[in-house]
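Attaching a single structure in C-alpha coordinates format; questions to follow.
Naming follows writing order (A, B, C, D, E and F), and every chain is counted from residue 1.
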(Lines give C-alpha, C1' and ligand atoms only; values in the text may rest on other atoms or scores of the structure.)
Protein backbone atom coordinates (compact mmCIF):
# COMPACT_ATOMS: atom_id res chain seq x y z
CA UNK A 1 0.00 0.00 0.00
CA UNK A 2 1.80 3.06 -1.16
CA UNK A 3 -0.12 6.19 -0.42
CA UNK A 4 2.60 8.67 -1.10
CA UNK A 5 4.94 9.28 -3.97
CA UNK A 6 8.30 7.67 -3.46
CA UNK A 7 11.42 9.72 -4.07
CA UNK A 8 13.95 8.19 -6.48
CA UNK A 9 16.42 5.59 -5.20
CA UNK A 10 19.31 6.83 -3.13
CA UNK A 11 22.38 4.77 -4.00
CA UNK A 12 24.34 5.73 -0.89
CA UNK A 13 24.53 3.52 2.20
CA UNK A 14 23.59 6.18 4.75
CA UNK A 15 20.14 6.69 6.19
CA UNK A 16 18.19 9.45 4.50
CA UNK A 17 16.16 10.92 7.37
CA UNK A 18 13.40 12.24 5.13
CA UNK A 19 12.83 8.94 3.33
CA UNK A 20 12.77 7.09 6.63
CA UNK A 21 10.48 9.71 8.19
CA UNK A 22 8.06 9.31 5.32
CA UNK A 23 8.06 5.53 5.60
CA UNK A 24 7.37 5.81 9.33
CA UNK A 25 4.48 8.17 8.69
CA UNK A 26 3.06 5.75 6.15
CA UNK A 27 3.44 2.90 8.63
CA UNK A 28 1.68 4.93 11.34
CA UNK A 29 -1.12 5.72 8.92
CA UNK A 30 -1.65 2.08 8.00
CA UNK A 31 -1.53 1.05 11.66
CA UNK A 32 -4.05 3.71 12.62
CA UNK A 33 -6.45 2.66 9.85
CA UNK A 34 -6.03 -1.00 10.75
CA UNK A 35 -6.76 -0.40 14.42
CA UNK A 36 -9.88 1.56 13.53
CA UNK A 37 -10.94 -1.21 11.17
CA UNK A 38 -10.59 -3.82 13.93
CA UNK A 39 -12.57 -1.69 16.34
CA UNK A 40 -15.28 -0.69 13.84
CA UNK A 41 -15.93 -4.19 12.53
CA UNK A 42 -15.89 -5.55 16.08
CA UNK A 43 -18.71 -3.13 16.96
CA UNK A 44 -20.60 -4.08 13.79
CA UNK A 45 -20.18 -7.86 13.86
CA UNK A 46 -19.37 -9.29 17.28
CA UNK A 47 -22.18 -10.00 19.72
CA UNK A 48 -21.26 -8.80 23.23
CA UNK A 49 -22.93 -11.73 24.93
CA UNK A 50 -19.70 -13.75 24.80
CA UNK A 51 -21.37 -17.11 25.28
CA UNK A 52 -18.43 -18.78 23.51
CA UNK A 53 -14.84 -17.95 22.53
CA UNK A 54 -15.06 -18.85 18.87
CA UNK A 55 -16.30 -16.71 16.04
CA UNK A 56 -19.58 -18.18 14.86
CA UNK A 57 -20.46 -18.46 11.17
CA UNK A 58 -22.49 -15.24 11.09
CA UNK A 59 -19.74 -13.24 12.77
CA UNK A 60 -17.07 -14.61 10.42
CA UNK A 61 -19.05 -13.74 7.31
CA UNK A 62 -19.87 -10.33 8.72
CA UNK A 63 -16.17 -9.60 9.37
CA UNK A 64 -15.24 -10.48 5.78
CA UNK A 65 -17.90 -8.21 4.36
CA UNK A 66 -17.17 -5.45 6.86
CA UNK A 67 -13.47 -5.35 5.88
CA UNK A 68 -14.29 -5.33 2.17
CA UNK A 69 -16.87 -2.60 2.61
CA UNK A 70 -14.52 -0.54 4.79
CA UNK A 71 -11.84 -0.72 2.09
CA UNK A 72 -14.25 0.45 -0.54
CA UNK A 73 -15.55 3.24 1.69
CA UNK A 74 -11.98 4.27 2.52
CA UNK A 75 -11.10 4.41 -1.17
CA UNK A 76 -14.12 6.57 -2.01
CA UNK A 77 -13.31 9.01 0.78
CA UNK A 78 -9.66 9.06 -0.30
CA UNK A 79 -10.67 9.99 -3.86
CA UNK A 80 -12.95 12.71 -2.52
CA UNK A 81 -10.24 14.17 -0.34
CA UNK A 82 -7.64 14.13 -3.10
CA UNK A 83 -9.35 17.24 -4.46
CA UNK A 84 -8.95 19.11 -1.21
CA UNK A 85 -5.75 17.23 -0.29
CA UNK A 86 -3.36 19.60 -2.04
CA UNK A 87 -4.10 22.30 0.49
CA UNK A 88 -4.17 19.68 3.19
CA UNK A 89 -3.49 21.96 6.11
CA UNK A 90 -5.94 19.92 8.13
CA UNK A 91 -6.95 20.80 11.62
CA UNK A 92 -3.66 22.23 12.87
CA UNK A 93 -3.52 24.61 9.96
CA UNK A 94 -6.66 26.27 11.23
CA UNK A 95 -5.03 27.23 14.52
CA UNK A 96 -3.66 30.48 13.21
CA UNK A 97 -0.18 29.38 14.23
CA UNK B 1 -2.89 30.97 23.31
CA UNK B 2 -0.11 30.94 25.84
CA UNK B 3 -0.80 28.56 28.66
CA UNK B 4 2.65 28.46 30.15
CA UNK B 5 5.10 31.07 31.31
CA UNK B 6 7.65 31.93 28.67
CA UNK B 7 11.31 32.01 29.63
CA UNK B 8 13.17 35.25 28.74
CA UNK B 9 14.61 35.67 25.25
CA UNK B 10 17.74 33.76 24.40
CA UNK B 11 19.93 35.93 22.15
CA UNK B 12 22.05 33.05 20.86
CA UNK B 13 21.43 31.36 17.53
CA UNK B 14 21.46 27.78 18.78
CA UNK B 15 18.37 25.74 19.57
CA UNK B 16 17.53 25.66 23.27
CA UNK B 17 16.10 22.16 23.71
CA UNK B 18 14.00 23.08 26.73
CA UNK B 19 12.35 26.05 25.04
CA UNK B 20 11.60 24.00 21.96
CA UNK B 21 10.35 21.10 24.08
CA UNK B 22 7.98 23.43 25.88
CA UNK B 23 6.67 24.89 22.63
CA UNK B 24 6.06 21.39 21.27
CA UNK B 25 4.17 20.42 24.41
CA UNK B 26 2.05 23.54 24.07
CA UNK B 27 1.38 22.72 20.43
CA UNK B 28 0.39 19.16 21.34
CA UNK B 29 -1.93 20.49 24.03
CA UNK B 30 -3.67 22.88 21.64
CA UNK B 31 -3.97 20.16 18.99
CA UNK B 32 -5.44 17.73 21.51
CA UNK B 33 -8.00 20.27 22.72
CA UNK B 34 -8.89 21.21 19.14
CA UNK B 35 -9.42 17.61 18.11
CA UNK B 36 -11.66 17.02 21.11
CA UNK B 37 -13.56 20.19 20.29
CA UNK B 38 -14.18 19.03 16.72
CA UNK B 39 -15.35 15.64 17.92
CA UNK B 40 -17.51 16.96 20.78
CA UNK B 41 -19.30 19.62 18.74
CA UNK B 42 -19.78 17.12 15.91
CA UNK B 43 -21.62 14.83 18.33
CA UNK B 44 -23.67 17.76 19.66
CA UNK B 45 -24.57 19.49 16.40
CA UNK B 46 -24.36 17.25 13.33
CA UNK B 47 -27.27 15.02 12.43
CA UNK B 48 -26.07 11.54 11.44
CA UNK B 49 -28.66 11.12 8.72
CA UNK B 50 -26.32 12.64 6.14
CA UNK B 51 -29.03 13.51 3.65
CA UNK B 52 -26.83 16.28 2.27
CA UNK B 53 -23.16 17.31 2.30
CA UNK B 54 -23.61 20.90 3.40
CA UNK B 55 -24.01 22.20 6.91
CA UNK B 56 -27.56 23.41 7.26
CA UNK B 57 -28.44 26.62 9.08
CA UNK B 58 -29.23 24.93 12.39
CA UNK B 59 -26.00 22.97 12.36
CA UNK B 60 -23.91 26.04 11.56
CA UNK B 61 -25.42 28.08 14.39
CA UNK B 62 -25.05 25.15 16.76
CA UNK B 63 -21.33 24.82 15.89
CA UNK B 64 -20.67 28.50 16.62
CA UNK B 65 -22.37 28.30 19.99
CA UNK B 66 -20.79 24.96 20.82
CA UNK B 67 -17.27 26.33 20.23
CA UNK B 68 -17.96 29.47 22.28
CA UNK B 69 -19.44 27.43 25.11
CA UNK B 70 -16.58 24.93 25.02
CA UNK B 71 -14.08 27.79 25.35
CA UNK B 72 -15.90 29.20 28.33
CA UNK B 73 -16.21 25.77 29.93
CA UNK B 74 -12.52 25.11 29.27
CA UNK B 75 -11.58 28.42 30.91
CA UNK B 76 -13.65 27.70 34.00
CA UNK B 77 -12.12 24.26 34.41
CA UNK B 78 -8.65 25.76 33.86
CA UNK B 79 -9.21 28.27 36.65
CA UNK B 80 -10.45 25.52 38.95
CA UNK B 81 -7.45 23.34 38.24
CA UNK B 82 -4.95 26.16 38.75
CA UNK B 83 -5.48 25.68 42.46
CA UNK B 84 -4.54 22.04 42.30
CA UNK B 85 -2.17 22.57 39.36
CA UNK B 86 0.91 23.35 41.44
CA UNK B 87 1.07 19.78 42.66
CA UNK B 88 0.08 18.59 39.20
CA UNK B 89 1.35 15.07 39.54
CA UNK B 90 -1.67 13.89 37.58
CA UNK B 91 -2.33 10.27 36.90
CA UNK B 92 1.24 9.11 36.44
CA UNK B 93 2.20 10.58 39.78
CA UNK B 94 -0.19 8.24 41.47
CA UNK B 95 1.57 5.14 40.15
CA UNK B 96 4.01 5.05 43.03
CA UNK B 97 6.87 5.20 40.55
CA UNK C 1 4.77 -4.00 38.26
CA UNK C 2 7.38 -5.70 36.19
CA UNK C 3 5.92 -7.19 33.07
CA UNK C 4 9.09 -7.88 31.20
CA UNK C 5 12.27 -9.71 32.01
CA UNK C 6 15.03 -7.42 33.17
CA UNK C 7 18.47 -7.78 31.62
CA UNK C 8 21.32 -8.21 34.14
CA UNK C 9 22.89 -5.11 35.74
CA UNK C 10 25.15 -3.01 33.58
CA UNK C 11 28.03 -1.77 35.73
CA UNK C 12 29.04 1.05 33.39
CA UNK C 13 27.91 4.65 33.87
CA UNK C 14 26.65 5.19 30.33
CA UNK C 15 23.05 4.96 29.24
CA UNK C 16 22.16 1.63 27.66
CA UNK C 17 19.58 2.62 25.02
CA UNK C 18 17.89 -0.77 24.99
CA UNK C 19 17.40 -0.91 28.75
CA UNK C 20 16.03 2.61 28.77
CA UNK C 21 13.82 1.89 25.77
CA UNK C 22 12.37 -1.12 27.54
CA UNK C 23 11.71 0.86 30.71
CA UNK C 24 9.95 3.56 28.67
CA UNK C 25 7.78 0.96 26.95
CA UNK C 26 6.88 -0.49 30.34
CA UNK C 27 6.03 2.99 31.62
CA UNK C 28 3.84 3.65 28.58
CA UNK C 29 2.07 0.34 29.09
CA UNK C 30 1.32 1.09 32.75
CA UNK C 31 0.15 4.59 31.89
CA UNK C 32 -2.11 3.28 29.15
CA UNK C 33 -3.67 0.68 31.44
CA UNK C 34 -4.11 3.25 34.20
CA UNK C 35 -5.84 5.73 31.92
CA UNK C 36 -8.19 3.03 30.68
CA UNK C 37 -8.88 2.00 34.27
CA UNK C 38 -9.79 5.58 35.22
CA UNK C 39 -12.08 5.90 32.23
CA UNK C 40 -13.70 2.47 32.60
CA UNK C 41 -14.43 2.77 36.31
CA UNK C 42 -15.69 6.33 35.78
CA UNK C 43 -18.24 4.98 33.31
CA UNK C 44 -19.20 2.16 35.70
CA UNK C 45 -19.38 4.10 38.97
CA UNK C 46 -19.89 7.84 38.54
CA UNK C 47 -23.38 9.21 38.03
CA UNK C 48 -23.42 11.84 35.29
CA UNK C 49 -25.95 14.01 37.07
CA UNK C 50 -23.18 15.94 38.84
CA UNK C 51 -25.39 17.32 41.58
CA UNK C 52 -22.34 17.59 43.85
CA UNK C 53 -18.54 17.68 43.55
CA UNK C 54 -17.75 14.98 46.09
CA UNK C 55 -17.74 11.26 45.58
CA UNK C 56 -20.67 9.84 47.50
CA UNK C 57 -20.41 6.65 49.55
CA UNK C 58 -21.82 4.42 46.82
CA UNK C 59 -19.44 5.83 44.19
CA UNK C 60 -16.42 5.42 46.47
CA UNK C 61 -17.19 1.79 47.25
CA UNK C 62 -17.89 1.11 43.58
CA UNK C 63 -14.50 2.58 42.58
CA UNK C 64 -12.63 0.36 45.04
CA UNK C 65 -14.37 -2.75 43.78
CA UNK C 66 -14.03 -1.71 40.17
CA UNK C 67 -10.25 -1.30 40.47
CA UNK C 68 -9.87 -4.64 42.27
CA UNK C 69 -12.02 -6.41 39.70
CA UNK C 70 -10.19 -4.76 36.80
CA UNK C 71 -6.86 -5.98 38.21
CA UNK C 72 -8.15 -9.51 38.51
CA UNK C 73 -9.63 -9.39 35.01
CA UNK C 74 -6.37 -7.96 33.65
CA UNK C 75 -4.40 -10.76 35.29
CA UNK C 76 -6.65 -13.46 33.85
CA UNK C 77 -6.39 -12.01 30.36
CA UNK C 78 -2.62 -11.67 30.78
CA UNK C 79 -2.33 -15.35 31.69
CA UNK C 80 -4.46 -16.30 28.71
CA UNK C 81 -2.39 -14.24 26.32
CA UNK C 82 0.91 -15.60 27.62
CA UNK C 83 0.19 -18.71 25.58
CA UNK C 84 -0.18 -16.76 22.38
CA UNK C 85 2.28 -14.05 23.50
CA UNK C 86 5.40 -15.77 22.20
CA UNK C 87 4.30 -15.22 18.61
CA UNK C 88 3.03 -11.79 19.58
CA UNK C 89 3.08 -10.27 16.16
CA UNK C 90 -0.12 -8.41 17.04
CA UNK C 91 -1.94 -6.24 14.61
CA UNK C 92 1.03 -4.79 12.76
CA UNK C 93 2.36 -8.26 12.08
CA UNK C 94 -0.73 -9.02 10.09
CA UNK C 95 -0.12 -6.22 7.62
CA UNK C 96 2.09 -8.32 5.41
CA UNK C 97 4.83 -5.73 5.77
CA UNK D 1 0.89 30.55 19.61
CA UNK D 2 3.61 33.12 19.74
CA UNK D 3 7.11 32.22 18.63
CA UNK D 4 8.44 35.80 18.50
CA UNK D 5 10.71 35.13 21.47
CA UNK D 6 12.45 32.38 19.44
CA UNK D 7 15.73 32.89 17.61
CA UNK D 8 16.09 31.97 13.95
CA UNK D 9 17.40 28.47 14.60
CA UNK D 10 14.54 27.73 16.95
CA UNK D 11 11.96 29.12 14.56
CA UNK D 12 13.32 26.96 11.73
CA UNK D 13 13.19 23.92 13.99
CA UNK D 14 9.62 24.68 15.06
CA UNK D 15 8.54 25.15 11.45
CA UNK D 16 9.77 21.63 10.68
CA UNK D 17 8.06 20.21 13.75
CA UNK D 18 4.80 21.95 12.91
CA UNK D 19 4.88 20.70 9.32
CA UNK D 20 5.37 17.15 10.50
CA UNK D 21 2.58 17.47 13.04
CA UNK D 22 0.23 18.93 10.44
CA UNK D 23 0.84 15.89 8.27
CA UNK D 24 0.18 13.53 11.18
CA UNK D 25 -2.86 15.53 12.12
CA UNK D 26 -4.26 15.40 8.62
CA UNK D 27 -3.81 11.62 8.54
CA UNK D 28 -5.41 11.17 11.92
CA UNK D 29 -8.30 13.37 10.83
CA UNK D 30 -8.65 11.34 7.65
CA UNK D 31 -8.78 7.96 9.36
CA UNK D 32 -11.12 9.22 12.08
CA UNK D 33 -13.38 10.58 9.34
CA UNK D 34 -13.50 7.21 7.58
CA UNK D 35 -14.24 5.43 10.86
CA UNK D 36 -16.92 7.91 11.89
CA UNK D 37 -18.69 7.95 8.54
CA UNK D 38 -18.48 4.18 8.10
CA UNK D 39 -20.00 3.69 11.55
CA UNK D 40 -22.87 6.02 10.69
CA UNK D 41 -23.47 4.97 7.10
CA UNK D 42 -22.79 1.24 6.81
CA UNK D 43 -25.05 -1.06 8.75
CA UNK D 44 -25.96 -3.74 6.26
CA UNK D 45 -23.53 -6.64 6.08
CA UNK D 46 -25.60 -8.96 3.93
CA UNK D 47 -23.40 -7.77 1.07
CA UNK D 48 -19.72 -6.85 0.83
CA UNK D 49 -20.25 -4.16 -1.79
CA UNK D 50 -20.96 -0.59 -0.82
CA UNK D 51 -24.56 0.17 -1.87
CA UNK D 52 -25.21 3.42 -3.72
CA UNK D 53 -27.15 4.65 -0.70
CA UNK D 54 -24.20 3.89 1.59
CA UNK D 55 -21.78 5.54 -0.84
CA UNK D 56 -23.91 8.70 -0.98
CA UNK D 57 -24.05 8.75 2.80
CA UNK D 58 -20.23 8.39 3.02
CA UNK D 59 -19.73 11.30 0.59
CA UNK D 60 -22.18 13.54 2.42
CA UNK D 61 -20.68 12.60 5.75
CA UNK D 62 -17.13 13.31 4.54
CA UNK D 63 -18.12 16.64 3.00
CA UNK D 64 -20.00 17.63 6.10
CA UNK D 65 -17.19 16.62 8.42
CA UNK D 66 -14.69 18.74 6.48
CA UNK D 67 -17.00 21.74 6.54
CA UNK D 68 -17.64 21.16 10.21
CA UNK D 69 -13.88 21.01 10.96
CA UNK D 70 -13.27 24.18 8.97
CA UNK D 71 -16.00 26.05 10.77
CA UNK D 72 -14.80 24.87 14.18
CA UNK D 73 -11.26 25.88 13.16
CA UNK D 74 -12.38 29.38 12.18
CA UNK D 75 -14.31 29.90 15.42
CA UNK D 76 -11.43 28.41 17.41
CA UNK D 77 -8.98 30.88 15.87
CA UNK D 78 -11.30 33.79 16.67
CA UNK D 79 -11.80 32.72 20.25
CA UNK D 80 -8.05 32.21 20.61
CA UNK D 81 -7.31 35.69 19.30
CA UNK D 82 -9.86 37.13 21.70
CA UNK D 83 -8.38 35.24 24.64
CA UNK D 84 -4.88 36.43 23.77
CA UNK D 85 -6.02 40.05 23.48
CA UNK D 86 -7.76 39.79 26.83
CA UNK D 87 -4.61 38.32 28.37
CA UNK D 88 -2.40 41.04 26.82
CA UNK D 89 -4.54 43.80 28.30
CA UNK D 90 -4.18 42.50 31.84
CA UNK E 1 8.33 0.02 38.60
CA UNK E 2 11.78 -0.86 39.81
CA UNK E 3 14.77 1.10 38.53
CA UNK E 4 17.24 -0.26 41.09
CA UNK E 5 19.09 -2.18 38.39
CA UNK E 6 19.80 1.11 36.59
CA UNK E 7 23.07 2.97 36.86
CA UNK E 8 23.16 6.66 37.77
CA UNK E 9 23.15 7.91 34.17
CA UNK E 10 20.17 5.74 33.32
CA UNK E 11 18.27 6.80 36.42
CA UNK E 12 18.86 10.47 35.60
CA UNK E 13 17.64 9.87 32.05
CA UNK E 14 14.53 8.04 33.26
CA UNK E 15 13.75 10.82 35.74
CA UNK E 16 13.71 13.30 32.85
CA UNK E 17 11.57 11.01 30.72
CA UNK E 18 9.12 10.45 33.57
CA UNK E 19 8.83 14.18 34.25
CA UNK E 20 8.05 14.85 30.61
CA UNK E 21 5.50 12.06 30.52
CA UNK E 22 3.84 13.29 33.70
CA UNK E 23 3.41 16.69 32.08
CA UNK E 24 1.92 15.12 28.94
CA UNK E 25 -0.27 12.92 31.06
CA UNK E 26 -1.55 15.84 33.07
CA UNK E 27 -2.43 17.69 29.87
CA UNK E 28 -4.15 14.70 28.38
CA UNK E 29 -6.08 14.20 31.62
CA UNK E 30 -7.04 17.87 31.58
CA UNK E 31 -8.37 17.91 28.03
CA UNK E 32 -10.19 14.60 28.47
CA UNK E 33 -11.78 16.04 31.60
CA UNK E 34 -13.02 19.10 29.73
CA UNK E 35 -14.38 16.92 26.92
CA UNK E 36 -16.06 14.47 29.27
CA UNK E 37 -17.66 17.15 31.47
CA UNK E 38 -18.74 19.28 28.52
CA UNK E 39 -20.39 16.25 26.93
CA UNK E 40 -22.30 15.50 30.14
CA UNK E 41 -23.14 19.05 31.20
CA UNK E 42 -23.77 21.10 28.07
CA UNK E 43 -26.73 20.10 25.94
CA UNK E 44 -28.45 23.38 25.22
CA UNK E 45 -27.16 25.22 22.17
CA UNK E 46 -29.86 27.86 21.93
CA UNK E 47 -27.34 30.16 23.62
CA UNK E 48 -23.56 30.49 23.36
CA UNK E 49 -23.09 31.49 26.99
CA UNK E 50 -22.55 28.89 29.69
CA UNK E 51 -25.65 28.93 31.92
CA UNK E 52 -25.12 28.99 35.68
CA UNK E 53 -26.56 25.48 35.82
CA UNK E 54 -24.11 24.27 33.19
CA UNK E 55 -21.22 25.99 34.97
CA UNK E 56 -22.13 24.36 38.29
CA UNK E 57 -22.32 21.00 36.54
CA UNK E 58 -18.86 21.55 34.97
CA UNK E 59 -17.35 22.43 38.35
CA UNK E 60 -18.91 19.43 40.08
CA UNK E 61 -17.90 17.17 37.22
CA UNK E 62 -14.29 18.44 37.30
CA UNK E 63 -14.04 18.11 41.10
CA UNK E 64 -15.54 14.66 40.99
CA UNK E 65 -13.29 13.51 38.18
CA UNK E 66 -10.18 14.62 40.07
CA UNK E 67 -11.31 12.84 43.23
CA UNK E 68 -12.18 9.79 41.17
CA UNK E 69 -8.73 9.76 39.53
CA UNK E 70 -7.02 10.16 42.90
CA UNK E 71 -8.98 7.30 44.41
CA UNK E 72 -8.33 5.04 41.42
CA UNK E 73 -4.63 6.01 41.65
CA UNK E 74 -4.47 5.09 45.33
CA UNK E 75 -6.15 1.72 44.80
CA UNK E 76 -4.00 1.09 41.72
CA UNK E 77 -0.82 1.68 43.75
CA UNK E 78 -2.03 -0.72 46.47
CA UNK E 79 -2.93 -3.43 44.00
CA UNK E 80 0.40 -2.96 42.26
CA UNK E 81 2.32 -3.28 45.51
CA UNK E 82 0.37 -6.44 46.32
CA UNK E 83 1.05 -7.92 42.90
CA UNK E 84 4.77 -7.18 43.19
CA UNK E 85 4.94 -8.77 46.65
CA UNK E 86 3.16 -11.84 45.36
CA UNK E 87 5.58 -12.02 42.43
CA UNK E 88 8.62 -11.59 44.72
CA UNK E 89 7.55 -14.49 46.94
CA UNK E 90 7.39 -16.92 44.07
CA UNK F 1 4.49 -1.48 2.16
CA UNK F 2 7.43 -1.62 -0.19
CA UNK F 3 10.93 -0.94 1.09
CA UNK F 4 12.75 -2.17 -2.01
CA UNK F 5 13.85 1.36 -2.86
CA UNK F 6 15.67 1.52 0.50
CA UNK F 7 19.38 0.92 0.89
CA UNK F 8 20.72 -1.56 3.45
CA UNK F 9 21.18 1.03 6.19
CA UNK F 10 17.66 2.30 5.74
CA UNK F 11 16.18 -1.19 5.71
CA UNK F 12 18.00 -2.04 8.94
CA UNK F 13 16.69 1.14 10.51
CA UNK F 14 13.12 0.43 9.39
CA UNK F 15 13.31 -3.11 10.73
CA UNK F 16 14.16 -1.73 14.18
CA UNK F 17 11.40 0.86 13.96
CA UNK F 18 8.86 -1.76 12.89
CA UNK F 19 9.86 -4.11 15.71
CA UNK F 20 9.41 -1.35 18.25
CA UNK F 21 6.06 -0.38 16.78
CA UNK F 22 4.87 -3.99 16.78
CA UNK F 23 5.67 -4.19 20.49
CA UNK F 24 3.78 -0.94 21.17
CA UNK F 25 0.93 -2.13 19.01
CA UNK F 26 0.68 -5.42 20.83
CA UNK F 27 0.56 -3.58 24.16
CA UNK F 28 -2.07 -1.17 22.96
CA UNK F 29 -4.12 -4.07 21.60
CA UNK F 30 -3.76 -5.85 24.92
CA UNK F 31 -4.92 -2.96 27.08
CA UNK F 32 -7.78 -2.08 24.70
CA UNK F 33 -8.84 -5.75 24.86
CA UNK F 34 -8.91 -5.67 28.66
CA UNK F 35 -10.88 -2.42 28.66
CA UNK F 36 -13.35 -3.62 26.03
CA UNK F 37 -13.98 -7.01 27.64
CA UNK F 38 -14.21 -5.56 31.16
CA UNK F 39 -16.77 -3.02 29.95
CA UNK F 40 -18.87 -5.79 28.37
CA UNK F 41 -18.48 -8.45 31.03
CA UNK F 42 -18.30 -6.75 34.43
CA UNK F 43 -21.37 -4.87 35.55
CA UNK F 44 -21.86 -6.01 39.12
CA UNK F 45 -19.97 -3.98 41.70
CA UNK F 46 -21.60 -5.40 44.81
CA UNK F 47 -18.46 -7.53 45.09
CA UNK F 48 -14.79 -6.89 44.31
CA UNK F 49 -14.09 -10.47 43.25
CA UNK F 50 -14.54 -11.56 39.66
CA UNK F 51 -17.45 -14.00 39.57
CA UNK F 52 -17.01 -17.22 37.64
CA UNK F 53 -19.56 -15.98 35.14
CA UNK F 54 -17.63 -12.74 34.65
CA UNK F 55 -14.36 -14.66 34.32
CA UNK F 56 -15.83 -16.95 31.69
CA UNK F 57 -17.13 -13.92 29.80
CA UNK F 58 -13.66 -12.26 29.94
CA UNK F 59 -12.00 -15.40 28.56
CA UNK F 60 -14.53 -15.79 25.76
CA UNK F 61 -14.28 -12.10 24.95
CA UNK F 62 -10.46 -12.20 24.86
CA UNK F 63 -10.42 -15.33 22.70
CA UNK F 64 -13.00 -13.90 20.35
CA UNK F 65 -11.22 -10.57 20.07
CA UNK F 66 -7.96 -12.28 19.13
CA UNK F 67 -9.69 -14.40 16.50
CA UNK F 68 -11.51 -11.33 15.24
CA UNK F 69 -8.23 -9.36 14.96
CA UNK F 70 -6.56 -12.24 13.13
CA UNK F 71 -9.41 -12.54 10.66
CA UNK F 72 -9.50 -8.80 10.05
CA UNK F 73 -5.70 -8.87 9.59
CA UNK F 74 -5.93 -11.66 7.01
CA UNK F 75 -8.67 -9.90 5.02
CA UNK F 76 -6.80 -6.60 5.32
CA UNK F 77 -3.65 -8.15 3.86
CA UNK F 78 -5.64 -9.64 0.96
CA UNK F 79 -7.38 -6.37 0.18
CA UNK F 80 -4.04 -4.56 0.39
CA UNK F 81 -2.43 -6.97 -2.04
CA UNK F 82 -5.36 -6.55 -4.41
CA UNK F 83 -5.16 -2.76 -4.20
CA UNK F 84 -1.42 -2.83 -4.89
CA UNK F 85 -1.86 -5.11 -7.90
CA UNK F 86 -4.56 -2.85 -9.26
CA UNK F 87 -2.30 0.18 -8.77
CA UNK F 88 0.66 -1.58 -10.44
CA UNK F 89 -1.39 -2.38 -13.54
CA UNK F 90 -2.32 1.22 -14.11
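In this text, a contact is a pair of C-beta atoms (placed from the backbone, for glycine too) under 8 Å apart; a residue touches a chain by one contact, two chains touch by 3 or more.
The structure presented is a predicted model; accordingly, all values stated were derived computationally and were not measured.
K.L.:
Relative to chain F, which chain has the most distant C-alpha mean position?
P.N.:
With centres defined by C-alpha atoms, farthest from chain F sits B.
K.L.:
Taking each chain's centre as the mean of its C-alpha atoms, give the chain farthest from chain E.
P.N.:
It is A whose centre lies farthest from that of chain E.
K.L.:
How many angstrom lie between the CA centroids of chain A and chain D, rounded to a whole number?
P.N.:
A distance of 16 Å separates the two centres.
K.L.:
CA centre of chain D versus CA centre of chain E: separation in Å?
P.N.:
Spacing between the chain centres: roughly 26 Å.
K.L.:
Taking each residue of chain D in turn, which ones touch at least two of the other chains?
P.N.:
Chain D, residues with two or more chain partners: 1, 18, 21, 25, 28-29, 32, 37, 41, 59, 62-63, 69, 72-73, 76, 80.
K.L.:
In chain B, which residues are in touch with two or more of the other chains?
P.N.:
27-28, 30-31, 34-35, 38-39, 45, 64, 68, 91-92, 94-95, 97
K.L.:
Touching residues of chain E toward chain C in the complex: what are they?
P.N.:
Per the stated touch rule, the residues are 1-3, 5-10, 13-14, 17-18, 21, 25, 28-29, 32, 36-37, 40-41, 57, 59-65, 67-69, 71-73, 75-76, 79-80, 83-84, 87.
K.L.:
Residues of chain A touching chain F in their complex?
P.N.:
Touching chain F from chain A are residues 1-2, 6, 8-16, 19-20, 23-24, 26-28, 30-31, 34-35, 37-39, 41-42, 45-46, 48, 50-55, 59-60, 63-64, 67-68, 71, 75.
K.L.:
Using the touch definition from the top, list the residues of chain E that touch chain B in their complex.
P.N.:
Going through chain E, the ones touching chain B are 1, 18, 20-35, 37-39, 41-43, 45-50, 54-55, 58-59, 62-63, 66, 69-70, 72-74, 76-77, 80-81.
K.L.:
Spell out the part of chain A that touches chain D in their complex, as residue ranges.
P.N.:
Those residues of chain A that touch chain D are 21, 25, 28-29, 32-33, 36, 39-40, 43-45, 61-62, 64-66, 68-70, 72-74, 76-78, 80-81, 84, 88-97.
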